[in-house]
Each structure stands twice: as C-alpha cells, then as structure tokens.
C-alpha cells in the first residue's frame, strides 16, 4: 500500500524483528511470560536501566500507561499531565476508568510541562475534599514532537519528589527522543528521577508490545495482578520477548529511530523553503507540525495520507517512520509545491 | 523447547498463519482497523455468522470477554456463569473491575450450566436492592473440556431471553467445539440464540487476537469506545486481520482443531487402559481431566509439562494442541506406565 | 401509621435520640466532623473498643460496608461472604462497583460461614490469574437472624489471619447480637480478631448514621479520602455525633436492643404453639424466619406488614424493633390463629 | 457555639424543619422511600418543576451530583465543567470514580462557563480515541458566588443540545440563586433547557438530603439501581421527605434564602467602605470573595471563622447563612476595622 505521514504506527514491522519472531516460533513454551524469550528480554532491560528495574510487558501504549498509573495510584489521587497528553486526549478515558483518578490537564508550552505551569495544581494536600496530586506524567517525545531535555526532566522529577509524588514518562516514542538527545535511555529517565516509564516499541518497528518499567521495585508488589486484571497479560508472550531482543540486538532500535528522525529533519529542511508553510513546533524528533494553506490539504492527503491536527488554523501533523524514504520526502515536497502553484494559478484565474 | 500438555496456548503459531502475517507486512496501512486486512477479515466473519454480525477485534480472551460484557451491561447488572468459568476463576476480577457488575457463580454439572441450576438466581428483578441479572455466560468448550450441545444452548438462550437477559458465549476454544459438534459455527451460536460471542483463535494456532461478535447490531452503538477505553484497540491491527484471513482460508482452523481433538481422543483411549488413572470428565474436545496417583505427577511433569487442576483429589488437566503429535502421546503414555510400575516397585520395596 | 414486622428500619427514631439531635441544633459548628459532637462520639467508641480504634462515620449501612472494604482492598482482591450476605444480596453491587473486587458467595449454615465452608475458596494465592482472597466478611446478627458465637468468630479470624486476610463484620444489628451474647461489643469483635466493623445504629433507634471502626490504625491512612470519594462524608456531621452520644448514654442502645430481642422471643414462643407454622432458623436476636401456610400470608400482611423471604417454601421474615409492643405481638398472633381457623373452615366448605 | 462565615453548612437546621421531622417520627412506615412523606415531597417537586419530573432523594450534594452524572453517562463520556466546580475541586474524584468519565475543567469567567469557553472542548465526536463530550455541568449559584442569568443558561443548554449533550445544574445553593434572580425554580432550570438538577437544601436550613431532578423521564429507567449502588438510598427516607415538605411549606426556603442573601448584601456594603479590602467577585447571592490584608486574616478567623480561598492573593470567602444576624455582620465589620487600625499602628511602630 501507499505510504504516508499519518503516523509511525502505519508502518509495518522491521524485517529483522519479524525474523526473530519466526525464530521464536518453535515448539512449546510456558505461557504468560515464563519463557526464555521474555526472561532474556527482561534482562536486557535490566542491563539498560539498572538491575533494580522491574519490567512488565503489555500489549499496547494505552495499556502501558494505564498499568503505570494503576500500579502507583489509588482512586482518590490525581495525575497531572499536558492538555495534549495521550492519556488525556487519545485514550478514551482509559486512565480514569481503570484507576478512578482525576486527570488534571495543564496547558503545555511546546507540548511540554514545566514546574511553573504545574505548581498551581499542587494544592489540597491532606484535604479530604480534594483529589490528592500523586503523579506527574510527561510524554517523551511529547505529542507536539518536542523532546524534554535532561534539565527539564530533572526539574520535574524534583518537583514531584518534593511533593511526595512520582514522575511517569510516556515513552511511546522514547527511541526517537534518545536519538534526539544523543543519550542512552537510562541517562534521561532513571538517572533524571523518572519513576515509571512506558517504553514503546510499536512506533519504531515492532509489531506490538510495550514495556512498563518501574525503577523502584518497591512499587510493583501488585503489578502482576493489575496487569492481568487490566487485560494486558499476553498468553504467547514469547512473541513480545523475541521482538524486544531483536529490537535491542546490534542497536537496531537506534538505526530505525535515527532514520526516522533524519527523515523528519529532511522534510523540515525542505518545507522550510516553502514560504506558504509555517512550521509551528521545534522538530526535535520524527514529527512535524505545520500550518498549510487549507486548499492543498485534501489533495495532498490523497497522495500521502496524514492527519489534520487543528482544523481551525489549519495545522497538520506529518510523522516520519523507520521505513520512510528520502524519495518519498522529495516526492511529497514536490507535490506540495505543485499544489501551491496550481492553487495560485487557480486564484489568478479567478 | 520440549512440548507438553500444559495448555493449547503453549504452542506457537501455525506456519500458514505466520506466512500470512509476513505477507501483510508491506508498506503502510491506516492504523486501528481501517485497513484492508481487517476489513476483509470482518467480512469473512459476516459470511460465516450473518451479515448483521458486528465484529470487533481485540488482543486476547480476557479482553474479548470484558468487551462482550461491557457492551451489554451497566454496573448494577449481574452476570451468571459457572463456578469454573474463565471470567470467574482466571481473569483476576477483570469483569468486575471493568463492568462494575456482580458475577454470580453457579456450580456446574460437567463444566456446564443448565436452566435448572440457573433458575434460583433469576430473582430480584426490578428490586433496586438487588443486582439485576442481565447476562448468562457459558464457555464453549467449557473449562472442564465438555461441549454444550445444540439443545442445551437453545434452552439457555430461551431462559435468558424469557427474562430479558442475554446469552454470552466464551468461545476461547470454539473451533474445538465446532469439530466436536460437527457443525458450522453459526449453527451452535447465532442460530441457537447466542447474543454475543468471544471468538478465540490463539488457542488454535494464532499468535494473538480474538474477535467479539454481536449478533444484534443494535447492541454495539458504543462498542468502539468501550474497546478503546478497555485498552484493546490495536494500532497495527492488520496483523490480526491477516491472521484471521489465513485461519479461515481453506478451513485451516478446521484442520488444526480436528487434529487437536483427535490427539485428545487418542490420549483418552490410551489412558483409559491404565487402571490407576480415572478420567473424570467427558472428553468432548481437546482437554482431558484425570485423577492420577499423586506420586507420579511431578516426575511426569518433568517429561511433559501440565497443570494440576485440583490438588485435593489430585486431578490433572492435559490439553492437546494443533501441534501435538501421535508420537508425543505414545511417549507420554509410556512414561506414565513406567512411572506407575516404578512406583509400585517402590511401594513393594518399602 | 400502622406498625408491622417488615424491618427494624421501618420504625422511627428513639425519642431520647431525637432530643439529643435537637440539643445539638444550636449555633454553628465546623462541618464534616470537626465539631465537638463528632469528636466526643469518636471518643466514646474508643472507650468501648480500645484507644487504637479508628472511627469514621458514614450515612448508611451500605456506605459502611463499602468504606470498610474499600479501605483494605485493591481491585484484584476477592471478598468471601455468605450467599445471604447483605453485601452480596442487598447492595445492588455497590461493593463490586466501588472496590472492583470479586465477591465470592459461600452457602451458609444457618446464615453463618464456617472455616470448613470457606476453606475451598482460599486458593490461587500469588497466582496472577486469580482474584486474591483478602477479606472474609460476616454479618452479626446474620441475615438469617442467627448470631455468631465467640468461638466461631475467633475461628474465622484465625483462618483469615493465617492466610494474611482480614475479617470484616457487618454489624448492622450488632446491638441485638451483643444482647444475645450478653457481651460487651469489644468482647466479640476486636477481642476475637475482627479487623473492621460496620457498626450500625439505624436499625436500633437512630435516624441515620453508622460508624466504621478499624482496629488496626495502620489500615486507615487513606480512609478519609475514600469516605469522601464514596459520597459518605456528611457536612452537618454533628447530627450523627449527637445521635451516637445519646445512643450510648445510660446504655440506651442496650434497652432498645433488649426490648427488640425480647419481643422476638415472645413472638417465637407464641408462634411455636401454632402447629401450622414452622420456625426455620434459631431465633438468636430480633428476627424470626418461618414457613407459614401460603393462603394466610397476604391477609396477614394487610394487618401487620412483613416480607416474604423465600416464596418457594413459602418462608417469611418477621423483624421486631425497639418500639414493638407486647400488645402488637399478641394481636399479630391472634390474627394468625384467626386466619388459620378461617382457612381451615374455607377448606372444609370446599 | 460561635457562629462564623465559613460555610452555610456550618449552620444547623431551621426550627420549622426540625419540628416537621419530629412530627414524622411516629409509628412505622415502609423504608427506602415508599412512605407518605417521601411521596408527598415528590409531588411537591412535580408541582414546582412539572409533572414529568422524576425525583430521587439522596443524602448529600456529592451524592446528588454523582447520581445526576451516572444516570446519563457511560464511562467513555466526558463532562465539561468549570475549573472551580464542586465536582472538579471538592468531591475527591467521586465523579470519575463512580462514572469512569473524564472531567474537562474549563477556566471560568467570574465562576461561570460560557459557550465560547466551552466550544474548543467540543471535539472528537465519533472518534473512538477521544472521550465523548456528553454533559455540560454548571453550578447555580457558582462556586464564586455568582449567578447564571436566564439567557446564559439558555445559551449553554442550546449549545449542549445542539451537540446531543445534556445540561446538568449543581444547585447546592439553588434557593439563593432563585432569590437573586427573583424567579421560580422552574423558570431558570427546566424552562431554560436544564436536563438534570441537583437540588440542594442542606445549605439553606435542612439537616441533610438533596433531590436529583430529571426533566426527561426517559433518562431515569435505571436511576433507582444507580442510587442504591452509589450508597445513596436512605432507609428512613421519611425524614428527608418530611424536611422537604417543611422546606416548601409557606415558602420557608424563600425566607431563609432571602435572609442569607440580604446578609451578604449588607456585608458587601459595609466591607465596600473599607479601602484595604477588595471585593473580587459580583455578590449575587450569599457568598463574598475578597482580598484582605494578610495580617488580619488569622486574628479575624479567631473571632468569626471563615476559609482562605486563594492563599496567594490572599483571597478569602465569607458565606452568610439563614441564621446569620445583622448584629454579627456589624460585629464582624467592626473587628475588621479594629484589626486594620491595630495593624497600621503596628506598622507605624515598626
């Protein structure tokens, strides 16, 4: 099928990952994670994040976020997040439904939270009428394509811990963030004070499967029950374990994420030359947000599909992927230019 | 790895299904089910169950059951099921957590519910103090390896509908039941009055993915939101669609289920010859329950892994799978006999 | 209005309690429990149950049970109770809805649980597929009018604690139980190992308001939030505090409960003389269960209202109250006799 | 006890209401609302709001709001409310816990929502990833002491209905609003398109008990079960019925609300003369918000207790009640003046 820029989850599975799944498809193994693939994959995570890390595999990103939050909250808690956060905007209320907690959306700055914007919501502690603030949740990469810098994460972790709260990171695109920051995963998560991490792979070449990492094993006494009760315990889990093993082998994840980010840089550079288009957010990773002339959107979508982010402006979102090619970028940009020219001709004719 | 009789989900993926997934791994498709594989797979289900069938794919069996129940209940309802039902015993309370409903466990007869055993629980209608009975849920194949006959299903559907209730079928092993009954899926589900069906594939050769089928499309106005909120909406859903297409192509599902059932028949026949072993349930499909001398259990598990079902008797469960071989059955039986002989020698020595 | 034997909550408020509420109706006090009436009442409970007791007032019995269970459970837990328990039969699923837990109903013997009937349900510990048994909940007086003896409670507490579980007592009619046992409250609750107690007053002369008592204060770190979130925090709480103060002053509760129990004894004694009526349960407190000829039920209800408990037998329930009079008992018995005589005449005429 | 301006629920019960409760305390009546007091009170509400009104009594305001929302939502819905709304700030997450819905807080203007501020949140309809906007909830009187005018309510109802949504009004202080608007209850609720109303009495002289009114009886098919499951079904409900009968008899509610509002006007007028104090919100009903010099707050609270609303400014809230006296107002103002003078002397001395 025709490729596009709709989402990095519209791409398929990286061939090396597929091959690893096939290799795992031999004989019987015990279900639900007590198999060698899963156990080895857990160990790889421990190598990367520290031996104290508790690792739980789930099916998808929403499941990862809900398991993260469920493990550390009670229903009278609140979770502070960006207004644009996936847990706020794109999970159909799964966090509220499953945790019972209140989500407190905060207007982000370039997709990101800051201590200053969070501070006014840190109130009502010990007051039984008020949902108790308990978690700050940030997305890395943010939903606006921006990346939290190390100092920013440290500051948020400090704020959280000072208030006896926890810092959760939704890392659906954490590989793209790592490349953007040029850091190991550990350096901008556990080392910065992140307490819980939803570690995503699906958007960077895996078929399905995410990992939830807890950096304080004292938190996870009950996580296995919560995972099962939240319908996220996979019977043939070896196929998630095998994927993660391939994902980390020879730094495959790095190659795919570098490529996706590079494609976004290229697209940004090309689009920046087009005066009719305004790039609205820093392009830190593999997403580009831009205001484009309304009349070209639909014809452009017919060539390369993508989503309108904010119809009022109109702002669109273009995501690049591990399998995006330079050729596609140039083809896409060429069509933009053509449509703009055609459009201006149309206007002249009028 | 060494194969065993622990569960039909300890097996891997049927090669034909794997191949279909690989074929689907080309280019981009829209996520979350709006892709040609998913759409075609939905149509296959409509062909098999009737065009009015509403089809929703989810990740796993617990997800399928919870989506089934969530769609048709409100939190003040109750769900009547067998004491041995997967939703009662093996989902860590996911149905209660997600629906808020009360589950009413009923002592089954050979794993099955009957109108007579359900009737005493059909009370308190319109009485606001009492959870309102709303769903009868049965498992086909039952958790005790038995299969509901057409007349039994009709009777339960009749009872449900007479009381303005619905009949749900947990079909985690529905293929094995179809073979056992020698009927098309439709003939013992929608044709018998089943309202909602969790249609499983994972235990019969798929990697993951189940379908929830609603035979009254009026029920499913909100199911898509409930699926997302219950964390069961898969982004790269083409890989479930592609599996189901392969599963139904050339009746692959039939071949795998026939084989698994035949292996169970063979094992039953062989074990029936061993006087120290008592088969406790009718072997209708691919599961055998048997009381075996306690002293052989552990050494036997070391050769072919399986689960103890009821330690007090002790009763064990042996599940056969699409990839079980005759050779394995005979090897297993031989080891049983050897252990029994060795055991009796040991006793003599004492 | 005409009095009857429907329920001890069909009676009004004891005059002394009403007077105390009136006395409390002066000036302003801080809301939500930070008032002198509430604080004094809490202290009275501490005197009666031990200074370590944590006391939380709520509106009603269902609220008390739900707060009890919510405080000590997580959603993957299960709660074992009698099939006849109020939490199972008469709260419209509030415990499941609010706690997310599974309730496991056990067939009671004369309304009561025993270690032997509970034991088969104490399974699946540490197994993530299975709701984790965490609470045993008993009703004192039981829903069948029987009273747990000290040894029975100790045995259940022992069983619970041996399995790292807790024992909850639904004491909606705890005053009637105390009279029946001729013990102080403490002697058959905290002294026997009860961990959490729903202490009811409404059925023994109060207007509304129940207390939830936790005998291990380590359990109640979050109870205040849970109470508020479960809609059970009363703004003008002084009116519950004032009631409990009056309830305990000069052992008012004892007088009302002794009277109710005595009226039940009288009714039992009188009814025992009627051969057409079979008393089905021990009359330990203020409830009588009896099988009566079907034809007299409706005309009898027209004189003194009461409920049919089990229409198949038919078994009825007669509850006496603090305001039941001897005259009413004798009048009721006379009408029974008259109806039976009239009935036998009718039969003869036929 | 010393009176203050902390909250209108710090006052007691109006004597006429108390007397009516006493009169209702005779004999037996059926529990849970099937008594003459409750039935008569329901009829009074039907007279005032229209015969199609469905009326459900509950214990308290949080219970009323939760029953309102639970009746009309499913868990994948969202509820739009002011950032200051009681359901958002002061119910410890009860709405999320019980409904599973997402609450979307909107920055209010003088405590009130407008179509323009709501509009940006009316998005994602039919998009399964997004919680579906289903209810707009407003507070009348608002939490900032302001009152929605008829045109404002109509506009919000229009916006809601245009989007197939419902308008809920939290009327904890609806009597004060009616007086402020000089309208019958019906004229600014059902006549303006309000669909569901939490009708409060506790803050205007009742002991406890609120009514939830649904103006479209088609909505309430299941409300009785939801009320029971939400622990809000009162056994001795006659005592709520009797209160509401007294509340409406001879327009008692009007006298108490007029008085409370008048006391607020008087306090505003007196305080307006004090240059050091800035009144921050229109005083439409019985609440006054003011920024006062920080140093007088604590000594002032020692004389007449009240709450700090926003410590950063610092802004305080003074609520008047049905039992506030002119004398108290003048005494309070005198103490303010005295403290300010003393304060300025202190500053001079420094």
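To keep things simple, chains are lettered A, B, C and D as they appear, and every chain counts its residues starting from 1.
As a convention for this text, a contact is a pair of C-beta atoms (placed from the backbone, for glycine too) under 8 Å apart; a residue touches a chain by one contact, two chains touch by 3 or more.
Given the structure is predicted, the values throughout are model-derived calculations rather than measurements.
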{"item": "Number of steps on the shortest touching-chain route linking chain A and chain D", "value": "1"}
{"item": "Chain labels contacting chain A and also chain B", "value": "C, D"}
{"item": "Contact-richer chain pair [C-D vs A-C]", "value": "C-D"}
{"item": "Distance between chain centroids, defined by C-alpha means - chain A, chain C (Å)", "value": "52"}
{"item": "Rounded Å distance, chain B centre to chain C centre (Cα mean)", "value": "41"}
{"item": "Euclidean distance of C-alpha centroids - chain C vs chain D, Å", "value": "34"}
{"item": "In chain B, residues with contacts to at least two other chains", "value": "75-76, 91-93, 97, 100, 128-129, 225, 228-229, 233"}
{"item": "Of all residues in chain A, those that touch chain B in their complex", "value": "1-4, 6-7, 9-13, 15, 18, 22, 24-31, 35-36, 59-63, 66, 91-94, 97-98, 202, 207-208, 225, 228-236, 238-239, 305, 321, 323"}
{"item": "Residue ranges of chain B in contact with chain D within the complex", "value": "32, 74-76, 100, 128-129, 132, 222, 224-229, 233"}
{"item": "Of all residues in chain D, those that touch chain A in their complex", "value": "75-78, 88-93, 96-97, 100-105, 124, 128-131"}
